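As written, the chain order gives the labels A, B and C, with residue 1 at the start of each chain.
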Amino acid sequence: MMKAHDLVSMNQAKDAAGADHFRSQQHIRKLWTMPFVLAIVAVVALGVLSLLIGAYNVRGQPDGINMIFITRIPRTAALMLTGAAMSMSGLVMQLITQNRLVEPTTTGTIEWSGLGLLCVYLIFPAPSLALRMAGAILFSFTGTMIFFLLLRRVKLRSSLIVPIMGMMLGAVISAISTFIGLVFNMTQNIETWFVGSFAPVQIGRYEYLWLIVLIAVLIFLYADRLTLAGLGEDIATNLGVNYNRIVLLGTGLISFGVGVVAAVIGNLPFLGLIVPNIVSMYRGDDLRSNLPWVCLLGMGILTLCDIISRTIIKPFEVPVSLILGVMGSVVFIVILLKQRRLK
Amino acid sequence: MIKIENAGKSYADDVQIGPLKIDIPKAGITSLIGPNGAGKSTALLMIGRLLNMDHGHISVADMDVSSAHSKDLAKIVTILRQENHFVTRLTVRQLVGFGRFPYSQGRLTREDEVIISKYIDFFGLSCLENRYLDELSGGQRQRAYVAMVLCQETEYVLLDEPLNNLDIARSVDMMKHLRDASNRFGRTILTVMHDINFAAKYSDRICAMKDGKIAAFGTVEEIMNTETLTDIFETSIEIIDGPSGPVAIY
Amino acid sequence: MRELASPHPGSLEVTFHPQHRSATAFPSKEEERRYWLLLVTFIALGVLASYGLLMYNNPVPVDSPSFLPVVRRRMTALVAMLIAAVCQSLSTVTFQTITHNRLITPSLLGFEALYATIHTSTMFFFGVGTFISYSGVESFIFQVVMMVLLSLILYGWLLSGKYGNLQLMLLVGIIIGTGLRSVSSFMRRLLAPSEFDILQARLFASVNHSDASFFPLAIPIVCVAAFLLFARSKNLNVISLGKDIATSLGVNHQHSLLFTLTLVSLLMAVSTALVGPLTFYGFLVATLSYQATRTYDHRYLFPMALAIGFLMITGAYFLMYHVFSAQGVVSVIIELFGGIAFIMVVLRKGTL
């Protein structure tokens, strides 16, 4: 399949192609700017902080080093991977739907993955992590596809309606899960899975999260095509992009990320919404150049929230989804209010 | 008379409509023309009190649109926007009937029914009056909307691009009806138009806007000249004398 | 159909038509007759279902002294059903008209999340004892006041003034709801299973939790609010035409919106505090009412919504209790059906 860039350049004059090449060189240079380097340093610092904080005093005990390997490093790695995954999922969703307020929490995808987990627990007696992940991924995929199909069929008059509808859909799926939970007496379990927390992360329990690196690579590679898909079926097809295939791919990548995170960690609300929006407030809307920033900011914010969750009522831990839920709501509302002033 | 005094609205630092200062006299049709982004719709919406102005005053028939009660204004001025969508299903007659709301508050009397019939017949919608709006063609629907605003029997009628989505025959039909309404029912009609030839043929006065300000205002003869229009639209426009008035060639 | 090209020469005569020309709510006599037939049928069925709920399968014989108390207890549940039906039906229809969207419900304004948070916090901070005893009239008043207050804050902040935007307000309401839910979810996770079970029973809607001592407070509020909404039917008809046309016709859109939404909040708050959270029940009732009432006129929509709402809840309870013997999950089943109806409507409709 031809890259969209190539097709466009081919249809233009030579000097235009030359300008295009020059611009992409420029943009690669623009990535490694001072702020970006500082951001990397900040995230690494947070990572180190995360390694050092915890209820167990690693420096005082002889097997402190073991602790670092068994829980702290995996936990920090999980934070970085998950932060990047959720933020990127949000970004890809926003691209495909051309709506800034769309992300797994506001489209019902999270509720679908919850339903998937529930079904797996019902069907299999003691499901392994892989099985749970498969269930969550499958259901998130279905749910996200339904949402996108809905958007295509539906004539929208405002961009605020989209997340409202998504959340209504989420509420419906949630009602279905509750019903099933009640019938099989699993409601408190549902609540437990949903509360996302990094506390149980340790060696042997989180390795699947490394698959997120694969997702990130694929998103980087398909970034241009995803952007074009976001311009609508007609424009995308006109430029040589197989629209349906790209949407399927995008949905697959999103569901994979959300499913893995849901199975291993739980629900992490709003992350996929606030990170891309904050990044685009300062850098505009170019996917290719925003992607590294989105990953970085996602990692940083999640690590920060997790550090807060570990320290706020020391030595006990508060689940990170609580911090995210509260903080995310506040930030989301601030973003909305800022937007409306511009109308 | 519509009096606009230094009315204006700013959207951002560089996007500003106004200050506008103009008096639009009673009776006849006045067309508002100008290039895209000139602020024509914004001006119309401010007069019709659908949009708040940031500064200045607008009065219609000596009633200040910002301070007067909407209920009272509804008997003096009415405005129809380009896009109208309803969630509920209405028949043509029910829609036109809503035009009587400022007078009857929803309780239609026999006189109201007579008036509704009058405007439905005027637009030739009598066979369609019990059909639902979504069953009509675009042109028929547009006539129903305009019938509704005329049924409101206000002296001033503001229309935002009433010919949008209408083909030539329907556009001519609509303009003829508006001309008729103005002559026969004595309404003052202010309409935003994209097509200057329609404006020239059917209006009495033309107000041209550019970059958020009023660039020219006068009778059709005064405005329809090559220099004025070329300047306003920033493209070469030539005026020739047609069989029934000035015609723009571009 | 050939369109008449030229208007009639200036006369005020009514042209001859086979039927009397009028812009009434129903486009034809048959439609009107159909409406009344349906309305009467639904009311009759509702009355039948209520009778069934009161009398059917009474474990105690008629001449026994404890017959009446059983009926009285059932009567309490029935009255609660009536109140819930009135509140949910009227507020959902009104809300959908105001927002020009037939796919949302007033619960988007965060009522359920607030309700769940209040109850979860009580159990979390004060324990089982207080939780159980915290069910008097004061708690009812407290809940209603809190919910109405939350919505008034939302309206005041986001709906009025220069930047008032209805959709923004809805979205913010949903977000606040999500935030509250994270907090209450976290609290619930920390409860002992026994505490959780007791709390859970309260978190699902049930007409059996309602206390008859709330009625003297709830009934007058609901009656007044319902009456006011009925009185605003014509105003709501105009509002359904959209903000611009409504303003052009002389309706003060912002004031109408604020007033009507306050009534909606009041009704939703009473229903939620009395019976518990119901999200999709109102949606189901409203959707069916639009099908049964082929007119835009709220003077006819409201009574049909009431009739359908009442029939649905009494019918569901009757079926669940006496036909399927599944007492515990009635409200969840109603919600399930409502949710499925929502998905079907969204998939079928094609427009938002």
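One rule holds in what follows: a residue touches a chain if its C-beta (ideal position, glycine included) is under 8 Å from a C-beta of that chain, and two chains touch if they have at least 3 such contacts.
As the structure is a prediction and not an experimental result, all values here were calculated from the model.
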Listing by label each chain that touches chain A and chain C gives none
Measuring from the mean of all protein Cα atoms shown, which chain centre lies nearest? C
Longest centre-to-centre distance from chain B, chain (CA-based): A
Between chain A and chain C, what distance separates the C-alpha centroids? Give it in angstrom. 36
Taking each chain's centre as its mean C-alpha position, how far apart are chain B and chain C in Å? 40
Please report how many Å separate the Cα centroid of chain A from that of chain B, as a whole number. 49
Residues of chain A whose C-beta touches two or more other chains: 157
For chain B, write out the residues touching at least two other chains, lowest number first. 85
Which positions in chain C are in touch with at least two other chains? 101
Touching chain C in the complex: which residues of chain B? 48-50, 52, 69-75, 78-81, 84-91, 93-94, 96-99, 101-102, 105-108, 112-114, 116-118, 121-124, 126-130, 132, 140, 149, 152, 173, 177, 180, 184
Note: in the complex, chain C contacts chain A through residues 101, 103-105, 108, 163, 165, 167-168, 170-172, 174-176, 178-179, 181-183, 185-186, 188-189, 193, 196, 200, 204, 279-280, 328-329, 332-333, 335-336, 338-340, 342-343, 346-347, 349-352
Over in the complex, which chain C residues touch chain B? Could you list them? 1, 3-8, 10, 12, 14-15, 17, 21-25, 27-28, 96-97, 100-102, 162, 233-235, 237-238, 240-242, 244-245, 247-252, 294, 296
What does chain A use to touch chain C in their complex? 101, 105, 150, 153-158, 160-161, 163-165, 167-169, 171-173, 175-176, 178-179, 182-183, 187-188, 191-192, 194-195, 269-270, 318-319, 321-322, 324-326, 328-330, 332-333, 336, 340-341, 343
